[in-house]
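The following pair of complexes shares a single chain, chain A, combined with chain B in the former and chain C in the latter.
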Partner chain A sequence: MLPIDRNSVRSELLKVITTLRDDWDYSGEITEQTGIFQDLGFESIDAVALGSAIEDHYNRSLPFAEFLMKANERNAKDVTIGELVTFVVDHLSRTGKKP
Partner chain B sequence: MSKAIVNGVNVHYQTKGEGPDVILVHGLTASIAFWYITKVFPALTEQFRVTAYDLKGHGYSDSTPSGYTSADLAGDLVALMDTLGIERARIIGHSYGGSVTLHFALLYPERCDGIVLCDTGFAALRHLRNIDHWPGWEIWKKELPDLGITPEWFNRADQQGIDTILQKSTEIPVQFGLRRGGTRDTPRFRKLLEETTLSKDFRDPSGLSEERLADITPPCMAFYGEISPFKNVASHLSARMPHCIGQVVPSVGHFFLLHAPDVFIERVVPYLHDPAGYVRNAKENSAASMPT
Partner chain C sequence: MAGRVVIFGLDGATYSVLDDLARRGVMPNFARFVSEGARGLLNSTIPPLTPPAWTTLVTGRSPGAHGIFNFLQFESEDSPYLRIISSREIRCETIWSMVSRAGRRAGSFNFVAHSPAPKINGYVIPGWVPYRWVRAHSHPQGIIDRLKNEIGSFDLQTMAMNFQEEEKAVAGTQLHDYEPWIDLHIRREQQWFNCMKHLLVNDPCDLTGIVFDGVDKLQHLVWQFLDPAYEPANPSQDFLRTRERCWDYFRKIDGFLGETVQIVGDDGLVLIASDHGFTGTSEIVYMNTWLEQQGYLTWKGDAAVEHQDSQELGAAHPYHLTHLDMSRTRAYATSASSNGIHIPVKGIRGEHGIDPSDYEVFRDELRYALLNRCVDPATGEQLVTKVWTREEAFAGEMINFAPDFTVALRDHGFFSVLRSDTVLKPRSVVMGCHHPQGIILARGADVRRGAQIDPVSLLDVAPTILYALGLPIPRELEGRVLSELFTRSYVREAAPKLNGHTDHPVVNVENTEPFIDAEGEAQVLMRLRALGYIE
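Right, the complex of A and B next:
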């Protein structure tokens, strides 16, 4: 099982993101403040695919649709890498609870 | 990421939840993401096994140069169901996804427990459209007069005119969702417009004529926004399709799912549990169906 501390999750998440799109050529530094839409140029469907890729990576079902829906409801301008890390850490830490 | 080979094309899909099968069909230039941000996917997975997929040429599904009529895409849907082992389903379609859904109900009624249409205009019912309610007038109010585009022009628009509008639409920012304010001029959108027959195919009734509406037997719930250009389609369908009830959602337009998702979910869930029974009861008790 992969470790679920914040640094490890951030590192795994960046690996997942860079393998998501074969035409992806973002070369800047990615920090917790980086936004996946405004900075990385994601389309909404890329975020959906990212959710699936995270689930595949950790072999766990995660409520990613609810995560994106709530971001949309609060009129978020973007979803940051830091928010994604928090989401993944929170849900991976909840043992035995399936969404 | 889950992909299925459908008529020789890789199709991206997601399935979650348990219960009767529900399939979600998005509209032109959208993707599975539409069902995420409108709440429909997460809300329905609490009670149903929900499958959402990217139409051919959209999202993470592969594209082909042609094959985008509602008949073609209904054929893709039945092939997807075959591949996934879904014998029968409730199917929900938004906008052009509703054309695919209704065409599916006409061609494959035995695979369909019931359908839900969300503000679908239909190529064969273009005469019912109220172009004054098209959101583009407000969005492009500065540009359209310079291009000589008026409601009268729009009603006469030929293929070249439609292509002009679609090209123009790449210049305006995304209006809603997590990318609002961002560009619509993405490689995916460009490819659809420039390398496929989509812009021609979506205007082709491809056999889904006004006359065939009476032949559609599966139960149908047809939702339309009160200020949508397609509002009049609701009463038209419910008068012609024997098992269709029309619903008008107050104070919202074509994208009512974004602005009033809770109204939709509250009304559609009881229908999805028993589409035939719900429509029968609504038809028997006119108070249960909302007149349009």
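Right, the complex of A and C next:
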């Protein structure tokens, strides 16, 4: 059973991202302020893969494309780990039924 | 058939190229395979496209059932947002899972929409994954480290998909870029083959499948060098040099085939299959521009002509969709490869679109227009030769994710979805495009030698593989066992066993308790029962 409070989701998300370290040229600390594009050096397709990894981890479909599109629509320069945590907590908290 | 089965997948392979290369001595192992085995044409899906076609091959189900129509998919039945497909979007059981449930082992290499990897009894290294994610998205955990330790030349970065380079396959490239592009694919295929070969020898599975997708990528770009119909009477040195490099790629694939046949041995079965065939295209049809000219689509004022799609901040939403004025658009195409047209209906993917009560009448009108008014301005010839409604092409539970229309163009090409100043443009060079008929060949102890079978369907491959493995064929599979591939004595002694049902797609049941509903829980219990974990 995976808890869905903010601390737990952040911890799970960081676990997912740190599994990539062996194939990643990033050794800095990852915090809620870390941007996945500008700091971690994600390309577009990496963000898509991250969405799939989160869904797989929680075994839930999440509207990740909508999340990224809305970030684009408001001309955001990056998506931070903190924003991702908020997105995941919001959607996991809503209902146990798949969207 | 007592031995193992290997699916030797060649994405987009077609006889017009392979037979020519066999005749010229470029592919001697393929020539031998043909003489020692059975072959035929393999009818693809509508449209003949990699994700729906390979998914049909590995599920034995049509796209309306398995839910994969394209590389991009609406996020849900009522979402206007598109996402890149993942393994979660496959809504039917795969053959890897069926083999696992029967207590046997399966290995899958480089199949599309297999990421994150399903948890089967065996291993899955998915295709179409950026290199940083291959390790995390493969199964079982540690398989990539194991291969890295056991294969000296293992190079994950070369093996994984390089998406920036891949864009060239669709966008076209300059002549001097062809050779590095071909070399990249030779190196990549070698990596995939090394992995499969290592595990075939050291940790064999009952069923192993691999896809070499460079065949498709090369053919898109270098069709003029591969199709003998385009061979110039007096070829230049540049032409001959580039063609030789193309042939090097196919020599490499041929070598892999020879080694695979040798490893599998005479008591196993090697099945060569392609998801679709290939042909040449010499023109571009701008579908959204045609829809605009007919009054069905309106661009926002700032939409640039021929602007390439953007993927800012990782969004998979194509550029052109964000530049449509949806309040004045009644039909639009989302992506080039699917040849699909969507009709927005008010209240389904947002507030805009036609009234639901007008849908049937509007759809009939648009279908008529596509077949009669989408024409070559110079000759008046139809550009659209066939139009399928979603009910005709995609009947099934997943129909609401499918485009309202799928069209075939006169040269089998993909239409462009970009904004253009004209509906039809000639290409500067002939490019390769997908043909609805691919290839199937089989070789093994119980396969008829030198047999030519009538065209069959991708739906038939999964039941045929289960048959060859001596496993029961679930009743939901839509195809049939291709008994004509096998000797009469084998078929007489081993009748196909139609028995049982497919399972729901394998999901990671760990850590999921809070998120499954009652129905989901029942499915998990059924699955555990089927595996013998509970009674």
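Please note the rule applied: the second predicted complex is superposed on the first by the 92 of 99 C-alpha atoms of A that agree within 3 Å, B and C clash if a C-alpha of one lies under 4 Å from a C-alpha of the other, contacts with A are read in each partner's own complex, and residues count from 1 in each chain.
The working rule: a contact is a pair of C-beta atoms (placed from the backbone, for glycine too) under 8 Å apart; a residue touches a chain by one contact, two chains touch by 3 or more.
Model, not experiment: these values are computed from the prediction.
S.K.: Mind checking the superposed model to see whether chain B and chain C fit together on chain A or clash?
M.R.: When both complexes are placed onto chain A, chain B and chain C end up clashing with one another.
S.K.: Regarding the shared-chain residue A:Thr19, is it in contact with chain B (first), chain C (second), both, or neither?
M.R.: In the superposition, A:Thr19 contacts chain C only.
S.K.: State whether A:Val9 touches chain B only (first), chain C only (second), both chains, or neither.
M.R.: A:Val9: touches no partner chain.
S.K.: Counting residues of chain A touched by each partner, does chain B or chain C come out ahead?
M.R.: Touching more of chain A: C.
S.K.: Answer with first, second, both or neither: which of chain B and chain C does A:Gln38 touch in the superposed model?
M.R.: First partner only, chain B.
S.K.: Looking at A:Asn59, would you say it contacts chain B, chain C, both, or neither? Reply first, second, both or neither.
M.R.: second
S.K.: Contact-wise, after the overlay, does A:Leu68 reach chain B, chain C, both or neither (first, second, both, neither)?
M.R.: both
S.K.: In the superposed arrangement, does A:Val88 touch chain B (first), chain C (second), both or neither?
M.R.: In the superposition, A:Val88 contacts neither chain B nor chain C.
S.K.: Looking at the overlay, what does A:Val48 touch: chain B (first), chain C (second), both, or neither?
M.R.: Touch partners of A:Val48: chain B and chain C.
S.K.: In the superposed arrangement, does A:Val79 touch chain B (first), chain C (second), both or neither?
M.R.: In the superposition, A:Val79 touches chain B and chain C alike.
S.K.: Just name the clashing stretch of chain C against chain B, choosing from 21-29, 93-101, 165-173 or 237-245.
M.R.: Once both complexes are placed on chain A, chain C clashes with chain B in 165-173.
S.K.: Of all the chain A residues, which ones make contact with chain B and with chain C?
M.R.: 23, 37, 42-45, 47-49, 52-53, 56, 61, 63, 65-66, 68-69, 71-72, 76, 78-79
S.K.: Per the contact definition, I'd like the list of chain B residues that touch chain A in the complex.
M.R.: Interface residues on the chain B side: 1-2, 12, 14, 16, 31-37, 39, 41-42, 45, 54, 58-60, 177-179, 181-182, 186-188.
S.K.: Which residues, counting only chain A, touch chain C once they are in their complex?
M.R.: Result: residues 1-2, 4, 16, 19-20, 22-24, 36-37, 42-53, 55-61, 63-66, 68-69, 71-72, 76, 78-79, 92, 96-99 of chain A touch chain C.
S.K.: Sort out for me which residues of chain A touch chain B in the complex.
M.R.: 23, 37-38, 42-45, 47-49, 52-53, 56, 61, 63, 65-66, 68-69, 71-72, 76-79
S.K.: In their shared complex, at which residues does chain C touch chain A?
M.R.: Against chain A, chain C makes touches at 75-76, 79, 81-84, 86-88, 115-116, 129-137, 156-157, 163, 311-317, 322, 507-509, 511-517, 520.
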